[in-house]
Every structure is written in structure tokens, then in C-alpha cells.
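Given below, in the form of C-alpha cells, are the structures.
Presented sequentially are two complexes of chain A, the first with chain B as partner and the second with chain C.
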Partner chain A sequence: MRGTRRKQEGRWAWRLTGFVTVCVYIFMFAPIVATVILSFNASMFGGFPMTGFSLQWYGKLMANEAVLAAFRTSLWIALVTAIVTTAIGVTTAFALVRFDFRGKQALSTLVILPALVPETILGVGLLVLIKAVDQPRTMLLLVLGHILLAVPYVVLIAQARMIGIRRVYEEAALSLGASRFSSFREITLPLLIPAVVGGALLAFTISFDNTSASLFWRPAGVETMPTQILSMLKISISPEINALGTVMILVTVGIPLIGGLILQSLTKLRRRGEPKEETQ
Partner chain B sequence: MKRRWTLYDPRLAWMLVAPVLLLLIFFLVLPIAVMGAYTFFTFVTAGVETSALTTANWHEFLTDSYYHGFLLKTLRVGALTALLCGVLGYFPAYFIWATTFKHKWLLLLLLIVPFWISFTIRTFSWINILGEQGVINVALLKMGIINEPLPMLYNEGAVILGMLHFLLPYMILNVYVSLESIDRTLISAARSMGCTSAQAFREVTLPLSLPGLAAGLLLCFVLAAGSYVTPQLLGSGRDALFGNLIYDTIMGELNWPMGATLSIVLFVVLGFFAAVYTRYMGMSQIVKGLGG
Partner chain C sequence: MPESQGTKLHPRPVPAGAAGASAAAEANSPAVEFRDIDIAYGKFVAVRDFSLSIRKGSFVTLLGPSGCGKTTILRSIAGLVDISGGQIMIDGRRVDDVPIYKRNIGLVFQSYALFPHKNVFDNVAFGLKYRNVPKPEIARKVGKALEMVRLPGSEKKLPSQLSGGQQQRIALARAIVFEPQVLLLDEPLSALDANMREEMRVEIKKIQKETGITAIFVTHDQEEALSMSDRIVVMNAGAVEQIGTPEEVYETPATAFVADFLGKANMLAGTVSRSGQAVVLATGQTINVACPRPLGDGSKVTVVVRPQKFSVGAGTSVNRLTGRVVSASYLGGSAIYEIDIGGKTSLRANAPINGRVLREGETADLGFDPEGCVLLDEDGQRIS
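Moving on to the complex of A and B:
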């Protein structure tokens, strides 16, 4: 008797867990779904009820010069950030995993700090430094700032992958006469590819999304996509904003998904081409 | 005499880490140090200050209860948000870990997708749910339950809801990572020794997942207490947090020394919590949570 009641309790606990899980997922996606639906609303006002299906807000968006300029700016910044962060992040991860040097522990702590220190503080700090040495805010500053914000994630991802790559592969290439650089390029880098692509994509979205720090760092008159949205929101919630949000979601969710799919099919192709001896 | 280069020469390591190291020094360490010095500068008028050293900024911060109120409110909102994240985030993390559902990867992917969606968009999308023309109000009006739209936006509840929305994935992933590292045979062992599933959870699973929960709590607390955009979009003027205060002091009043002082205060306070955490838990769990 008691046994069955206990089993019953366990089942109810499991059901509760499932129920809360479903609620949390709904909670996370309901506002996003509502925004996407509203972007097709024919109504003049950015809200419910739906009065009909229309693409007019997308048309309006395409004609909005300020939005297009902000989009181009963000795209460029994010691209440069992704490329540079991946390059310097991967070499740092390589050094942190393969080498032993004094201060290594301190450096690996320091490198994740930008992810933990609130952006407001990072934002103010850099501005104060610039003001102290009497320099203007420039595009370069904004890009370097974005790189700083993305570096911890790229290093962590590359480090995690790097630990799984045995150093004997590189050392074998070296002992056969390869140079340091070509052993890295021919052996280590191909094995690191998933981390490189993953890190680059993450760096791209971190830069493309960044709001708080960009508000501090952007040069006068420059708007990135998020700061443009923020300044549009100060006026009102128009359906145009919902359309803009939907486009942004397509870009930032689409790119990583497509990247992941390409990566998956690439590895599948390679697997098919080679006999299966990859597992050590 | 020059030393010969060895295979894993520290000098080569320094060359490899140099770009990141320089970036960290010039964009992280130096700014915070200069900011520390700026807290002792004298504020003259908007945008102008002199390097005559003074403790006036610190005096103002320490004596004016206006600032204390802001700090306490920020810590309270941050703590409340982190706790709610912990309670609500544990269930999905446990569910994903324990489920035998074939497409578990989909549940995990759905947790990562929000990280790709612009934070600004995720935040303002709540206006479409809670606003006067949002889903809830329009539905309730249609059903005739209410006559006037409920004022659900622009209050502290909305701010906490928005932060919960953006912090939950962090929490769930942190707890999940730590659940995943539990040796499942421990649980079967507990069960075979006569534990009920509830006992096994309480005695084995829960304690072993605490590091992830603690890392998640710290991360959520720090990110919530440092937030700027969420109170700006979903709160009224009264719901401004410390981040908004800093922004207004610097970008609005152009009082740089005071802005620097407030930033250092927030940095030290949040740093204190992080230090207490690392003292007991170490850094590794946070690293695991961030790296995925």
C-alpha cells in the first residue's frame, strides 16, 4: 500500500516538473511569437487585436533610411568583431591549454571577467579613460569594445575543444619536420573547426545584439541596430518595430542555425569520404 | 647569452596571448583603474572637472540616502530575480536531464535560441503581452472580464519579469551542466538501497547539483543588478536601478566624477558577492556554465 502511494507521489512530482517546464518554455517564447504575429498586423497601432494580414510594415521598414544605415553599421561591426575575436581568442586558448607559463592562472581568470562585469561599468570605464587622455569616441573604439565583450566566450569555447585534442598529433607533425605554424594550420586548426565556427557565430551575435555598452561607446551620430530600436521605442510602439524585430530574429537565429547545418553536413561528407579511423 | 627556444617556450606563449592581454589591459584593467582615480576628481560643472583631489564624491555617496536607496533597491531586485530564476529554472533543467524524450536536443536548442535573439527585442516584446493593447488585456477585455485595461507595464513587477525572461536560460543551462556531471549510478545505488525517488533526489541529486545552482544564482544576480535596458524599457522612472542612475549621471548630468564613483561602488559591491562565491565554490563552475 505505502509503496504504491510513494510511487504515486513520484509520478505527481514528475508531472509537476513537466508542467513547470512547459510553462517556462511558453514564458520564454510567447512574447517573441506575439511580436512576430503582430508584425503582420494591418492595424495602424502596434498591438492587438489583429485587423488583417499585411506586409506594409516590412515595406515601410525597407524605406526607412535610418534603420537601413543602422543595420549596415551593426553588420559591419559584427563581422569584424567575429573575425578578429575568433583569431585572437583561438590563439589565446591554444596558449592557455598547451603552454605552461607564469601568470597563466591569473590570465585565464582575467579573460572571463568581461563576461561577468556589468556592461554599464565596462561602458563607463572606457569612456572615462578616453576622456582622461582626451580622445574622441571612434568606430575603432566601439569595435574593440565589442571584441572585449566577445573574447571570454570564444576563449572558453576554444579552450573546451582544445583540451580534447591530444598534443601528440601536433608533436608528430613537428617531429616529421613541419614548422610550428604549419603544424598548427594543418593539424590543430582543422580539429578545432567546430569551436572556431561556434565561437565566430557567438561573437557575431554578441556584437550584433550589444546594447548597453554600445550606448556609451558609439561615436556621436552613429546608431547600431539595438540603439536604433531603443530610440524608436522612446517615441512609440509602432508595428514597424515589430517588423524590425522579426527581421532581426530571422537574421540572428537564421545565421547560427544555417551555420550549424552546414557544419553538420560538412562533417558528414568528410566522414563518408574517409574510412572510420578517426576515433583515436 | 640567448636562451634557445624550447618546444613549449613561455616566450612563445606570451606572444600568442599578447593581443588578448593588451586588449584586457587597455579596455578592462586600465579603465577601471582610471575610473578609480576619477572618483577623487573635483566636479566643476556639467562635463568639466579638475584633477584637484577631493573626497567630496565619496562623501556625497556615503551621506546621501538617495544613493543608498538606489543601491538597496538594486540589490533587492537582483536577489529576488535570482531566486525566482533558481526556483523556476531548476524544474526545466531537471526535466531535460531526466527525460527519456527522444528529441532532448531540441529542448536544449530551444534554450540556446533566446541567446541569439536580440536582447532589446526580447525585452520590448513584453509590451505586446502586458501593454494596454497586449495579448492579456485585449483578451480579458474581449471576454468582458475587465472594462479598463490593467496597468501591468511600467512597474517593478514588469522589470523583474523582463529580467527573469532573459536570465532563465542562463540558470537552466548552469543547473543542467551540473546535473549532467552527476554519475547516474549513484542514484541507482541510492534507489537499490531502499530510497524512494524523492529521497534519492533529496539526498543525492539535489546536493550534487548545488554548484550549478549557486553559479546560476550568482550569474543571475550580477547580471540583474547590473542591468540598464530592462528597467529603461519596462519600468517607470521610479523603477530605475543603479545602472540607470550611472547612465543618467554621466550621459545626462555629465557629472563624470560622481558617475565614476557610482560605477566603482557597483563594481565593488558585485565583486564582493562574486568573491564570496569563488571563496567557497571556486571559479570552475561559472566557466562551465558560460562555455556551455
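Moving on to the complex of A and C:
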């Protein structure tokens, strides 16, 4: 008797857990789904019920020069941020894991700091600094700001991977005659590739997505995608914004997803390729 | 460092009238020479006053418990550890300031350390590539090295597709393919299972003989050391205890540490009588010993007897001890006994089976000859 009761209790606990989980997912994804669905709504007014299917808002978007300019700006900034951040992040992680030097603890804390400070405060802080040294807000400042925001995440990813790469690989390479640079290039870096790609994709999305700090840092007249959406929202909630939101979702979710898939298939191909070649 | 620069110009005192003798000196110089090496990590001294000269083509083993500094010394030859004092010479050339990638040494690690993202060919070819060997020559040499380690045709495989033993063979091929001046082996057999270990032992020794390469082998396993080495350096706590051939260190241990570490010898405390011809043991018995020099009566000594030096049962040996069997393990050809001879002392005897294996509690007759004993003085040093 007792056994079956316990079993029933267990079943109820599972059902409750499942219910709560589903609720959480609905809460998280419903707004996103609504945005995507409404972007295809024919009605002028962004809201349910839908009056018909239409791609007109995407058409409008493509014709909107301001939106296109903002998209291009964001894309460029995100690309540069991804490249520079990855280079900085990977070398910093390498140094932090492999070498002992004075101030190592301080450096590792400092590098992570931008991720801990609220973005708005960081945004204001950098702005105040720029004003203090009497410099104009330029694109360079905006890019530097984004790099600052993304570096901690890349360092953390690369560090985690770096710790997993045993030092003997580098020692073996050195003993075989490779210089320190060559052994990094030929041994350490290829083993770090998953972290390099992952870090770059994350840096890209962090930059592409960033709103609050960009609001402070962008030069006069320059809009990034998120700031463009914000300023459009000030005027009206048009279905065009839903379309724009859908594009944003596609880029920020799609790029890491595609990157991850490519990386996975690449490593799989290589692994599968080996025994095949042997039989030839 | 101007001082070291100065010594570099004149690496060693050149004999008078030996113009252009450097080539000849190189041919005669030891493959590796340590002169008063000290290695310290901060305040911790890992190795002190280590001196050793290793002849070309020989197989030398650094043997000792973990933490004795043997791996540190090996890594110092490779340049992976900086020495704090002394000199290291490879082929008569001082290498203290030479970075690791210019030292021309082959290194085999306990954990194989094959590059996981490169296939067998690229792993083995790695050292040749950095020596600017032309491609067809690389292919030929890699093929030859793989044949030598008995894994021909495995070029395209990835390390993850190989067993532990195979990986270590590839690592060995990688370390010898570019004909380094010295081959350093850092506990290369420890990660392998017991069967594979024995096979690799023979294989490594064979390859070393064939290539004539100078090999320095680090292990804590006395069996490996005894079976493979031309010479063994027994180390303890950062210092050398004894250097000698396997027979020398086993048969005539220089210190109490060596006697104990190699083969767990029996150590019997006693006092000298009859001018060093006999020893009265702490347990009361008197035994005859063969002392190389006269000793004062009453001085304290330790008698070292290997378990294999005992005969169990009736025999013709000069010294006879009687005791009770505490434990017996049958090994087929012989048996290992633990025998209590009184005075809280028990002896280990490894003796051929004479008739039948004695059981626990039975009385055993132990016999051994004076020639089978080594005498240590109060400081644990061999009396010679």
C-alpha cells in the first residue's frame, strides 16, 4: 500500500515539475513568438487578432534607408568587436593560465570586471571619461566600448578551454624543435579552436544586441539596430518593428547556431575522414 | 650575465698543444654531464650538488621514490626546468642558456603527449619539419621510425584510435626520428597495464641498442631499472645515494636507503666481535661475516641480507638462524617466507622450495653465507 502511494506521490511531483517547466518556457518564448507572428500581420495596428498574412512590413523595412544604415552599422561594429575581442581574449586567457607573473590575480579580476558592473553605469562611466579628456564621441569609442563589454566573456570561455589543454603538449612541441610561437600556433591554438569560435560568436551577439551602453556611446547621428528600434518605438508601435525584431532574432540566434553547426560538422568530417583514407 | 659569457668562450680547459682538438674532445666528451647541479623552487631545494657523467650510447636510469628529484633532473636536461647552480653539458656544449627547442633532445612523457589533433604521420614528422628536412626525406624517415616501433602503416590514424601501448610507441618514434643527441624517458611505462609494460620494456631497450642513442630513463620501479639499465643512479631527497651497474647497486648497496629501496633487503642491527669476523645480533644470535677491513669490537653495524640469499631447510651454509614461519606465499618455483627469529625481528626469505612449502607456525631453519652479507656502519654507509 505504502509503496503505491509513494509511487503516486512521485508521479504527481513529476507532473507538477513538468507543468511549471512548460509555464516558464511559455513565459519566456511567448513574446518572441508573438513578435514573429505579428510581423506577418496584414493589419496596420500591431496586435491580435491577425487580419491576414502579409510580407508588406518586411518590404517597408527593406525600403527604409535609416533601418538599413543601422543594420549595416551594427553588423560592422559586431564584426570588428568579434575579431578584436577574440584576439585579446584568447591571448589573455593563454597568459593567465600558462604564466606566472606579478599582478596576475589583479589582472584576472580586472578583465572580468566589465561583466559585473551594470551596463548603464559602464556606459555613463566611459562617457564621463571621454568628456573629461575632452574627446568627441566617435565610432572608435563605440567599438572600444563594445570590446570592453565582450572581452570578459571571451576570456572566461577561452580560460575554461585552456585549463583543459595539458601543458605536456606544448612541452612536447618545444622539445621537438618548435619555438614558443610555433608551438602556440600549431598545437595550442588548434586545440583552442572551439573556444575561439564560441568566443567570437558570443562577442558578435553581445555587440549586435547591445542597447543601453550604445545609447551613451554612439556618435551623434549614428544609430545601431537596437537604438534604431528604440527611437522608432518613441513614435509608434508599428508592425514594422515586429519585422525588425524578427530580423534581429534571426541574426542573434541564427549566427551562433550556424557557427556551432559548421564547427560540429567540420570536426565530425575530419574524424570520419581518417579511417576512410586508410582503406584506400 | 657577463660572467657566464666568459665561461662560454672557454667551455673547458683545453690541453696544451691541442690545436683544433675540439672535434676530438667532442668525440670523447660524455653525452650528458652534470656538474654540481642545484635546482630550487623558491626555498625548496629539489636537487642539490648533483654530478653525473653519462657515456655516449649508454642507458642510464634515475631511480628513486616520488619527490626525490629524478624527474626534475630529467626536465633540466630538456630545459623545462631552470637550474639554480652548476652546469649541464650535452656533447661537451654547455646548454644552461640554450632554450629547449634548440637543445636537440628527444622527450617521451608518461602521458604520451601525442598531439590529439594531428595524425600519426604529422606527430612523428613534427620534429623533422622544424629541422627543415625535405618532404620525401621526412616520409622515408617517418616510415622507418614507424617500422622500428612495429606500427608500420599507421600514418593516417589519430592518437585517439590507438591503444595506450601503441600511443607510447608512436611517442617513442616521434622522439627518436630526428636522431636527437639524448633520449629522455620520463616514466614512460607507468601509464601502461602490467603486460604491456613488460613488452615495452624489452622494446625500448632493443630500440635503444639498435639506434645507439644515449638514453636517460626515469622510474620509481626497481624492476624496470634493474632490467633495462647499463647504469643506475639511485636518488633520495634530491641527492645521489649510489651510482653503479644494476648488479652493483643490488648486490652491494652503498647505503641503507639503497638496500631498502631496491628489493627490500633484511637489515639486522648488531655489534662487531672477533675483530670484524663476527657480529652479535641484537636478537642474541652470533653470525659470521666477511668484513673487507678490520673493525673494532663493540662498534655498531647493520648486516644487510637479501631475501634471495637465504636457504630454508637443511643446508651447508655457515650461518644458521632458527625461527617460526609467520607467513608463507607460494610462487611456483620458490616461496616467500616471513620468519620470526625472536626479539621482535622477522626476516623475509625468498628461497627455492626444498621438499615442501612450510606452513605458518612451523619451525624454519635459515641458512646464509658471510659472502651474501653487506655491512653498513652507524651512518648507514657501506663498510668497504
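Convention: the second predicted complex is superposed on the first by the 267 of 280 C-alpha atoms of A that agree within 3 Å, B and C clash if a C-alpha of one lies under 4 Å from a C-alpha of the other, contacts with A are read in each partner's own complex, and residues count from 1 in each chain.
Note that contacts are C-beta pairs under 8 Å (C-beta built on N, C-alpha and C of every residue); 3 or more make two chains touch, one makes a residue touch a chain.
Since this is a predicted model, take the numbers as computed values, not measurements.
Once chain A is used to superpose the two complexes, chain B occupies space next to chain C without a clash. When the two complexes are overlaid on their common chain A, residue A:I121 makes contact with chain B while staying clear of chain C.
When the two structures are aligned on the shared chain, A:I235 is found in touch with neither chain B nor chain C. Contacts of A:V253 after superposition on the shared chain: chain B is touched, whereas chain C is not. In the superposed model, A:A106 makes contact with neither chain B nor chain C.
Between the C-alpha centres of chain B and chain C, as viewed from that of chain A, the superposed structures give an angle of 100°, to the nearest 10. Touching more residues of chain A than its counterpart among chain B and chain C is B. Shared-chain residue A:L174: touches chain B and chain C both.
In the superposition on chain A, A:P226 makes contact with chain B only, while chain C stays out of contact range. In the superposition on chain A, contact of A:A63 is made with neither chain B nor chain C. By the touch criterion defined above, A:S182 lies against chain C but remains apart from chain B after alignment on the C-alpha atoms of chain A. Minimum C-alpha separation, chain B to chain C, in the superposed model: 6 Å. Residue overlap on chain A between the chain B contacts of one complex and the chain C contacts of the other covers 171, 174, 180.
Interface residues of chain B, counted against chain A in their complex, comprise 7-10, 12-14, 16-17, 19-21, 23-24, 27-32, 34-35, 38, 88-89, 91-92, 94-96, 98, 107, 110, 113-122, 124-129, 131-135, 138-139, 142, 165, 168-169, 172, 196-198, 219, 222-223, 225-229, 232-233, 243, 246-247, 250-251, 256, 259-260, 263, 266-267, 270, 274, 283, 286-287, 290-292. Those residues of chain C whose C-beta lies close enough to touch chain A in the complex are 78-80, 99-107, 109, 111, 113-117, 119, 126-127, 130-131, 156-158, 161, 174-175, 178. Chain contact summary for the complex, chain A toward chain C: residues 166, 168-169, 171-180, 182-183, 187, 190-191, 271, 274-275, 277-278.
The touching residues of chain A, when paired with chain B in their complex, are 6, 9-10, 13, 16-18, 20-21, 24-25, 27-32, 34-35, 38, 45-49, 88-89, 91-92, 94-96, 98-102, 104, 107, 109-122, 124-129, 131-132, 144-145, 147-148, 151-153, 155-157, 159-160, 171, 174, 180, 205, 208-209, 211-212, 215-216, 225-226, 229-230, 233, 237, 241-242, 245, 248-249, 252-253, 256.
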